[in-house]
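Take a look at the structures listed below.
Two complexes are shown next, each including subunit A; its partner changes from subunit B in the first to subunit C in the second.
Here is the complex of A and B:
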């Protein structure tokens, strides 16, 4: 089996790359081992949220030239300003094709509320999280309601409402809280305490339950002008659930991320995969790449657990297997390694420097900056320092950036995934070495 | 004692991704989902086997949880073993019948005309639901009047002339319900100058595993491993299968779930579509006549689990003129014997509804899938005929005119 490009990893970086390649007519396979980190993510795309001083970046595009100048090894420096902007627009357009609308605040960042009741700057959000209309409604209404579901363990109204007054945007606001009791709607012995975000999403996807829940929300919200709810407003049918709910409660509604499984992230995952499949891409799920096959300095293909002795051949390969959480990087007593190709990494040898004393602190942790070292074209080096020029790295596996401290995780994934695709497209066109 | 060889439940980070994508949990609250039934309660069961939840029986063993798990937990295997090792478990007559495919097949092929007719009678089906707990609404598969294995034995001499040979594990479906598919396999392979050897195989054991009869399944596995190993001998002969679930049993369940020694057959087992795809790729593509048909391909759960879907799809793409539409991969709901049980009927139908809707929207000439029980479920719920990929390929190779389009 041969493909023009094989992408290892089905997260944001891998899927952005895969969609771009497939759209340009390349035969393309994504190999994914289990669902991606999108299921644990807020579903908003951060581009550049914070300066090293911890102050908020208002306009990430204005800051980018300076940021790249100061961080020449940063993945953003590999992509360049134009590709960063193009890639975000591309990503937005591709999701729009699957009826998932992402909104931005022009060239500026906007804030979204976290499941902790804090505000965090981000660049792209689903329209139920941020839209110019929601922003307008937010500033026009002093009174707002924060409503959840009785017994739902993955969203804590008291925690959020306790943190809100500390946020500048929420000072002097009247926030009423309430919980909807779902138990009369449950047609089984299941207890609402067992409900996760997905169960509630599915209930809201049925018109009958939606109507009853909306009535209840309306009652609890009183005269609040805007209503915040946990992000459970439908999974596959989110667009119609959101529209119907707003109509039923007669005022703007916005979603706040919950603990995993994140419905907001799952919507992105579903839209990306559907788009890729519509473009004729091959998605190989639940399989793990175990090693690559090298032939005179080039990668000729990869072996996986399920395909056994069969080599999956590729003109180019993209490694977008994520960081430690997704298994793209492994840390053990011997050190840190990249398990598929044993690539050369950038990381601090002194373990004491890896993490700081406190889990939450603005400087974040150094281990988040560890990853694969690449040249300017995103090509990595093998363990003996030889460049592999038809292997590209994208997303969280890359060294040289701190997604938490900078607020840049989504932006790096999209821009490096897109840039890797552009490199492959250019290379395939120039060598003509695409199809067998 | 805690078995330290099997602590994959400990890798679970409680992310709930498995439950999100579980087809059963999607349609019923009766099933708490694979996370709860698998890794969550496994740690309790290790301490006390009596802490067994009755809801385990709702798991259909589709194994989609294992495909989506980001932490490599063998969720379905944990659930399977827990149900089978339940000290309070009693084997019902219904489950005994459903899982004894060889015995039922042998009786039914001998009396096929009567069996096929009587199973269409509503009073009999109602009686069977009452006495056995088999859903009366479900249509039962038709039996052939003569088995494939009998036919295959008569072919032995004809197959000897081929220099290259493969072993064909036909499974119960080809043997008792659809010998024509097996005959197509032999014709297709013969056209490629490859001879076909069959063995005195028994049921692969998947229905036994699904009905918690692990000891019985092990006996079948032992028998099959022995006869197949003997047939392979010191050659490098491949063991080919047309049924994706039999393939899962031989290639995965024997070793991982039943803990059998599969030396001698491991590495030889392959789904036939992969074998043919690779043979074609090596330059031996036969001439294929165009099939001007729109076909919808449904990927069976067990084939997804093994990563074999890509080969079937790429093989089908080689047939000229074929307008191939890939259905969004979803469980059809039948899961072998699961959907035949009275208590699962409604769940099984609800799971498959999305798939049936997709097919009805597409209005294809035919539906194609590698799994026989998916075929029964789709034919039961739509007006479309469902065929195996090899049936299409045999048609394109001009082997035999067996394909009847336009309804089932």
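Here is the complex of A and C:
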């Protein structure tokens, strides 16, 4: 098997890269070893949310030149301002093709409510979480309702409503709360692990149930002008569920992220995979790349667990296997390594420095910034320091940034995935390897 | 100022204090328990959780061995739901002194401990993960005991008999008059409220903190704190308690417990002023891992869950002792009337987790003499709440319709017969709040209402919530909501409580932060800082 590009990792970085390559006519395979980290994500795309001082960034694009200047090794510096902006637009357009609409607040960040009832800045959100229309409705209505489902343990109304008064945007608001009992609508026997956001989403995708649930919500919401619900308003058919529900309750509804599994993240995951497959890409699920094959300084392909001795040949390879959580980086008491190619890493050798004394220390933890060292074209180096110029790295495996402290995880994944794709498209065009 | 009247005040909510509290109430003596932190939050909850057979001590200290086997038999009857009767093995490897096994057999026989040599192939059949280099093996009646459950059940029984408990309450002063002690002056650390408890007898059952308590009465009683560290593995890699068959040393006991296994301990002298800030250090981690791998080699590929340490309350009997030469490792009961001329003050220290009942009996006997009472001790006969029924606990699962067997099993495992007060099969109560440890909403509600729970750390000790592989990454947020709902906690307090809980978990993760522990920490950080956007609050200084 030979592909123009093989992408290792089916997360947000890998899929953005894969879609861009496939769209440009490259034969492309994604090898994904497990569930995407999107299942645990908020489903909004952070670009640059916080300054090192922890204060909120209002306009991430205005800050970007300065930010890149101060952080020359940051993945954003590898991409450059233009590619960052282009990639986010591209990402939005591609998801739009799959009826998943992402909204932004012009060039500014907006806030979304968290599972905890606090506010966090982000750049792109799904239409049911943030849209200019929702923002308008939010400011026009002092009375709001916060409604959940009886026994749904990943969303807690008492906790959220206890925290809301502490948020500037929610001061002096009247919040009505309530829970809808779904028991009469549950047909199948449940086990104690069921009744998650995905189970509720499926119920809401049934028109008959949706009508009954909407009636309950309507009753509980009283005269509130806007209704907040846990993010489980449909999975595959979320767009129509959202429209129907708003019509049935006769007022704007918005979704608040839940604890994982995150339907908002799963929608992104599903849309990305469908888009890639619609473009003719090959998605190899449940397989793991074990090593690469080098030929005169270049990577000629990769071996996987399931393909055994069969070499999957590739013109270019992208490593987007994530950080520790996803297995892109592996640590033991002696140090850290990248398990597929044994790439050169940037990390602190003294293990005592990996983390801080307090978990919530404002400076955050050093281990979050560890990762693969690359040149400006996102090419990594092998363990003896030799550049591998047809291997590219994207997303959380990259060194030099702290996705959580900066509020930059989604933005880095998309912009580096996109930039890696642009590099591959460039080189494939110049060598004439692209297929019609 | 509020004033509470009673006969006996017990300072310290560890297992010794809880046992004494229960013994008093069973004998009809009005008593109040005061604990500066939470029940079982000190040394009691920071050890192996081993129900010794006494074999570990038999060769070196036969008096302790006799004490252990006696209490071992009693606790297996009265605290059944806190105990797993796993059995134990002593295993000698090819580089151990083979003669130690012969001494073990002889010493156990004279202490009355059933110890039998078995073929080493038989030991490998019982415990397949054992080091194949094993050359001799012996079975002993070791078992495991959950210290949190044990303390909770003792306190629950005492409360149901009319005893009062004040947790998160510090004793500021021991009040005295011409007739000796008259009571204690306390302060609730959560509300700041100060109050007095008037009593004729004050029992200092505060373990290693006893030196400070004595100081509050103007008495000097020196402690020689010894730190013991342990590592928890995230899987239950062994079925029975595994002891290294040699003289007691570091890292020589491997204990299965609930869903995990533990290796311990070390023994390191520390300065008294460090007892509240003791941490597991790198050298201890290395010693513990080496000891664990020696007994069960495949633990080197097992995820480490956390490391923790406790401080043993070794006490000096002599006044003016400075070098610790007269340290006693046995049970130490001090009548301060005899020792220091202060009537009404008693200190109880030393001993072991599993000899708590005997310590409580001796203490309560002395309390009776002080109060001119003749009531005798019956705690060796009376089962703890949850352990009332004889026979296997697992036989009545069919009484709970519509609840999964694993939920019933876990709840019953933790609360024994009290499972009937906890499990409700309605949507509000049967949802799992902690999926690692199968803790339902109903169990959380029960603990908040009946088991002296003030925060999530307390809740963890009562239910195991947050003790599993995810170390609270998901359940902490869920649990927080119950405090808002049932305890009417404000958003601000709830945030601080959540932060404190995660920081408490972090202390144990930090020393072993690599491999899967690091993966999990990254996930937890995403969840709390990313998804939930939990912003940092300043840690509240830990008072003593």
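Here is the rule we use: the second predicted complex is superposed on the first by the 423 of 436 C-alpha atoms of A that agree within 3 Å, B and C clash if a C-alpha of one lies under 4 Å from a C-alpha of the other, contacts with A are read in each partner's own complex, and residues count from 1 in each chain.
Keep in mind that, in the parts below, a contact is a pair of C-beta atoms (placed from the backbone, for glycine too) under 8 Å apart; a residue touches a chain by one contact, two chains touch by 3 or more.
Because the structure is a prediction, the values reported are computed rather than measured.
Asker: For the three-chain model obtained by superposing on subunit A, do subunit B and subunit C clash or fit?
Answerer: fit
Asker: Could you say whether A:40 touches subunit B, subunit C, both of them, or neither, answering first, second, both or neither?
Answerer: So A:40 meets both subunit B and subunit C here.
Asker: Examine A:260 and indicate which partner it touches, taking first as subunit B and second as subunit C; both and neither are also allowed.
Answerer: After superposition on chain A, A:260 lies in contact with both partners, subunit B and subunit C.
Asker: Quick one: classify A:183 as touching subunit B (first), subunit C (second), both or neither.
Answerer: In the superposition, A:183 contacts subunit C only.
Asker: After superposition on the shared chain, which partner residues are touched by A:222: those of subunit B (first), subunit C (second), both, or neither?
Answerer: Neither: A:222 stays clear of subunit B and subunit C.
Asker: Is A:297 in contact with subunit B, with subunit C, with both, or with neither (first, second, both, neither)?
Answerer: Once the two structures are laid over each other on A, A:297 reaches no partner at all.
Asker: Who contacts more of subunit A, subunit B or subunit C?
Answerer: When the residues of subunit A touched by each partner are counted, C comes out ahead.
Asker: In the superposed arrangement, which partner chain does A:285 touch: subunit B (first), subunit C (second), both, or neither?
Answerer: First partner only, subunit B.
Asker: Would you sort A:354 into first (subunit B), second (subunit C), both or neither based on which partner it touches?
Answerer: In the superposed model, A:354 contacts subunit C only, not subunit B.
Asker: How many Å separate the nearest C-alpha atoms of subunit B and subunit C in the overlaid structures?
Answerer: In this superposition, no C-alpha atom of subunit B lies closer than 6 Å to one of subunit C.
Asker: Per the definitions at the top, what is the overlap between the subunit A residues touching subunit B and those touching subunit C?
Answerer: In subunit A, residues 40, 260 are touched by subunit B and also by subunit C.
Asker: Residue numbers of subunit A touching subunit B in their complex, please.
Answerer: So the residues of subunit A in touch with subunit B come to 1, 29, 33-37, 39-40, 186-190, 194, 196, 198-199, 202, 260-261, 266, 274, 277, 282, 284-287, 304, 306-310, 326.
Asker: Under the stated contact criterion, what part of subunit C meets subunit A in this complex?
Answerer: So the residues of subunit C in touch with subunit A come to 403-404, 406-407, 427-428, 430-433, 435, 438, 440-441, 474, 477-478, 480-481, 484-485, 489-492, 494-495, 499, 502-503, 505-506, 510, 513-515, 518-519, 521-537, 539.
Asker: In the complex formed with subunit C, which residues of subunit A make contact?
Answerer: Against subunit C, subunit A makes touches at 40-42, 54, 114-120, 150-154, 156-159, 162-166, 181-183, 191-193, 195, 257, 259-260, 262, 323-325, 327, 330-333, 351, 354-355, 357-362, 364-365, 367-368, 403-405, 409.
Asker: Using the touch rule from the top, collect the residues of subunit B that touch subunit A in their complex.
Answerer: Touch list, subunit B to subunit A: 15-17, 19-21, 26, 28-30, 32, 66-72, 267, 274, 277-278, 281, 304-308, 310-311, 313-314, 326, 328.
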